[in-house]
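Heads up, the next two complexes both have chain A, just with different partners, chain B and then chain C.
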Partner chain A sequence: MGDSAYSFSLTTFSRTGKLLQIEYALNAVANGRTSLGICAADGVVIATDKKLSSTLVDTDQVCKVEKITKGSGFVYSGVGPDYRVLVRKARKSSQAYYRQYMEDKPVSQLVKTTAGVMQEYTQSGGVRPFGVSLLVAGVDGDGTPRLYQVDPSGAYFGWKATAIGKNYVNAKNFLEKRYQDDMELEDAIHTALLTLREGFEGEMTNKNIEVGVVSKSDGEFRLLSPEQIQDYLDEAN
Partner chain B sequence: MDTVFGVAYEGGVVLATDQTNARSILMYQKNLDKITQLSSHSAMGVSGPNSDLVNFTEYISKNLALYELSNDGLKLSTHAQANFARGELARALRKGPYQVNILLGGYDESTKTGGSLYFLDYLASLQKVNYGCQGYASNFCLSIMDREWREGMTEEEAVSTVENCINELHERFLISQNNFIIKVVDKDGVKVVKYGADPADN
Partner chain C sequence: MSRDSNYDHHISIFSPQGRLYQMEYAFKAASSSSGLTGVAIRGSDSCVVVTQKKVPDRLMDPKSVTHVYSITTKIGVLVTGMFADCRAQIQRARYEAQDFRFKYGYDIPVHVLAKRIADIAQVYTQSASMRPLATVCLIIGVDDERGPQVFKVDCAGHYLPFFAAASGAKEQEAVNFLEKKVDDMKEYSFDQTVRAAIMCLGTVLGSDFRGTEIEVATVQGKNGTFTVMTEDDIEAHLNAIADDADA
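After this line comes the complex of A and B, so read on.
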């Protein structure tokens, strides 16, 4: 990045000390579809609203929850195409790590690297910040389940439970009431679906949401199939 | 001309090297410690020119320290350390090779037997082994290790096997290597079991 004609950064400080491009990027995130995550004692769940502009859209072809390494996955709120760039970079960096150490890249390091990339785009020539916030779920190098949020600025936070995108304020309040430190993964998935339904426009079905789960027992990040989601939805009714 | 031994046992690894530092017909030093500590629970016994020995071991051990500092104290497993070291040997191989042959031993809580031993050579080969030798010593001592190693060995048995190998070299190896240093890597870290001459003696 940074053609000679654009070797200056487009993200510059305002008089009040703000980086307005980042603020605007956060606005883009706040307009995006809701995503949330819950970190349980024995695993992590992330989920998102996949509702699309028209009923004619083939939802099977849309992939918002993405696996990055064996034990970690991303979901986002904001601008989809920007997200796909980050997913590609994260997967590549994880494979480079594997090539060096013959071991999976721990989630905490994946987050730091990805956050580093996002920060670069706020201080490099000729580029704009990514219009997404990420939720990263995984079981870390020491076996602990972790949930992280990464913002367009490159700031990252570890969460017990959080929500981003449209309606995130209500969703976070809902989560605050329901979260317990000793929650189990099954309860967490249940609570995640209830939270998602709270702000859902119209009927929530197994086709218009996506859920990703990683359990401490096998350390493998998986997307729930529509059938599995339907089972949880039936339970919730 | 250097000798490196390694024997993995139940709960750790024994590493041993000769203590001779020599070139051509001249012996510089008889108390060199060729087993360098990599991290809190790993070490490598190295053979080759002293320059490459020091350069390579310092490079690897400081990069491992950097990893721990950058990642909140997270330690790399012995398997990851060995693969990292191999990768660096491979990268340098077609530019300016490190002429070192290594036996890398480490202790990890998570592995079944605790101790693991890796054989690396100057062409960047890597193999996990139960026991191994580097140098001319292989010709004399692999057969002893073949006969004596068994699963579930104790530290005493492993050290005894290494001592049998050292005695064989004293008996039959043309080049005189009077002093050997023996170290053990286990759950308590890296410690010296015995040495022929004190490395700290200047």
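After this line comes the complex of A and C, so read on.
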């Protein structure tokens, strides 16, 4: 990273004091497929629209929601190839943490490191910012469920519920109306699916969405299988 | 500021709309520069890539004109786009496959190789000092656990597993043809897979071929190796297609 040929940053301040490359990166995120997350009292759910360009794609093998440590997972909106870089770096840093401390890296630490990487790419020479926003779901060491959103600038915040990508404004409004502080994980999963369906182009099935869930009870991040998603979709109908 | 709005056409930085122009131009170069169309299909136990064989000059040695390369004995690639970029990417893919074999002691699975090539391609879209490679790869192989695989890796570093895929000049027409048949493809035998791929190319290009005018390469079965089909075998398949059409 940071090529010697370009020892100057490509992300520079405009006359009005804005970092335009970061703003443009956010536009790239807003063009991406919708993702959302909800933090319930006893767990976190993240979900994304996995609709792909053609029926020729083998969607079973495409994975947008990725597990990073035992208790945390990522999902994104924006430029897919950039996301893979962040997933790899996150997994590597988690392994390095475990090697040193013999404990799983806490979500808050994971978010800090990943956000730090994203910020580096806005300031280093010869590279552009990542064109993705991440939603990080996890259960911290003390058992608290947490949902974070990390933006291309490297800024991150904890959220009760949030949405990114296409249609995120409507999705966020929908979530604001339905969110309750004492929500349970099952309700959260339902609400997540309803929100996703609001802005969905065409029919939403268990094959063109992905859902990841981490529950306080066992602290393990897992992807819902297509059968499990189908059960939730049936209940919603 | 005005420098910014033009700079985004030169190197890999975002445009105001959030697009990467260099990547889009690389796509254009990849699809139009060679003028070829490639098709890959995954059957029940084998996979096939097909493309045209256009020898630009009669003095050229036809054996040296090819867009189909083996990466390992069991994985092969069809690359379309700027020829020099294709060669560079193949060399790197071969190195990565051998490095994996050396480090881990077993052959690289198709999806791991595809991901690696895609990740390398992604770096060029994020670093200012290197331009993206103007190539699109269709990678085929038969995986021990997952069966036949077709992956498409493009200039942007996207990689996706496909039931059937196309690349190059007539990509959209080929995709339209393949989408109609996708549900049947999962049951195709080796011969059916080969013939479907050849028919797709024929329909899209609107012409009939002789055995010397197309390249066909296959991987058949879990223990199959990546094999470039001989002209005689291609002729046999073409005759079978013609017979079926007449019948």
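By definition in this document, the second predicted complex is superposed on the first by the 237 of 237 C-alpha atoms of A that agree within 3 Å, B and C clash if a C-alpha of one lies under 4 Å from a C-alpha of the other, contacts with A are read in each partner's own complex, and residues count from 1 in each chain.
Assume contacts are C-beta pairs under 8 Å (C-beta built on N, C-alpha and C of every residue); 3 or more make two chains touch, one makes a residue touch a chain.
As the structure is a computational prediction, the values presented were derived from the model and not from experiment.
**Q** So, A:Asp142: does it touch chain B (first), chain C (second), both, or neither?
**A** Touch status of A:Asp142: first partner only.
**Q** Once chain A of both complexes is superposed, is A:Arg99 in touch with chain B (first), chain C (second), both, or neither?
**A** first
**Q** Once the two complexes are aligned on chain A, which partner has more residues of chain A within touching range, chain B or chain C?
**A** C
**Q** Quick one: is A:Gly219 in contact with chain B, with chain C, with both, or with neither? Answer first, second, both or neither.
**A** A:Gly219: touches no partner chain.
**Q** With both complexes overlaid on chain A, does A:Ser108 touch chain B (first), chain C (second), both or neither?
**A** First partner only.
**Q** Within their complex, state which residues of chain A touch chain C.
**A** Touching chain C: residues 1, 3, 5-6, 10, 14-15, 20-21, 24-31, 52, 54-58, 61-62, 79-82, 84-85, 88, 121, 126-131 of chain A.
**Q** Within their complex, state which residues of chain C touch chain A.
**A** Residues 1, 4, 11-20, 111, 115, 118-119, 121-122, 125-130, 146, 156-158, 160-165, 175, 178-179, 182 of chain C touch chain A in their complex.
**Q** For the complex, which residues does chain A have touching chain B?
**A** Going through chain A, the ones touching chain B are 99-103, 106, 108-109, 141-142.
**Q** What part of chain B is in contact with chain A in the complex they form?
**A** Counting only chain B, the residues touching chain A are 71-72, 74, 76-77, 79-80, 83-84, 87.
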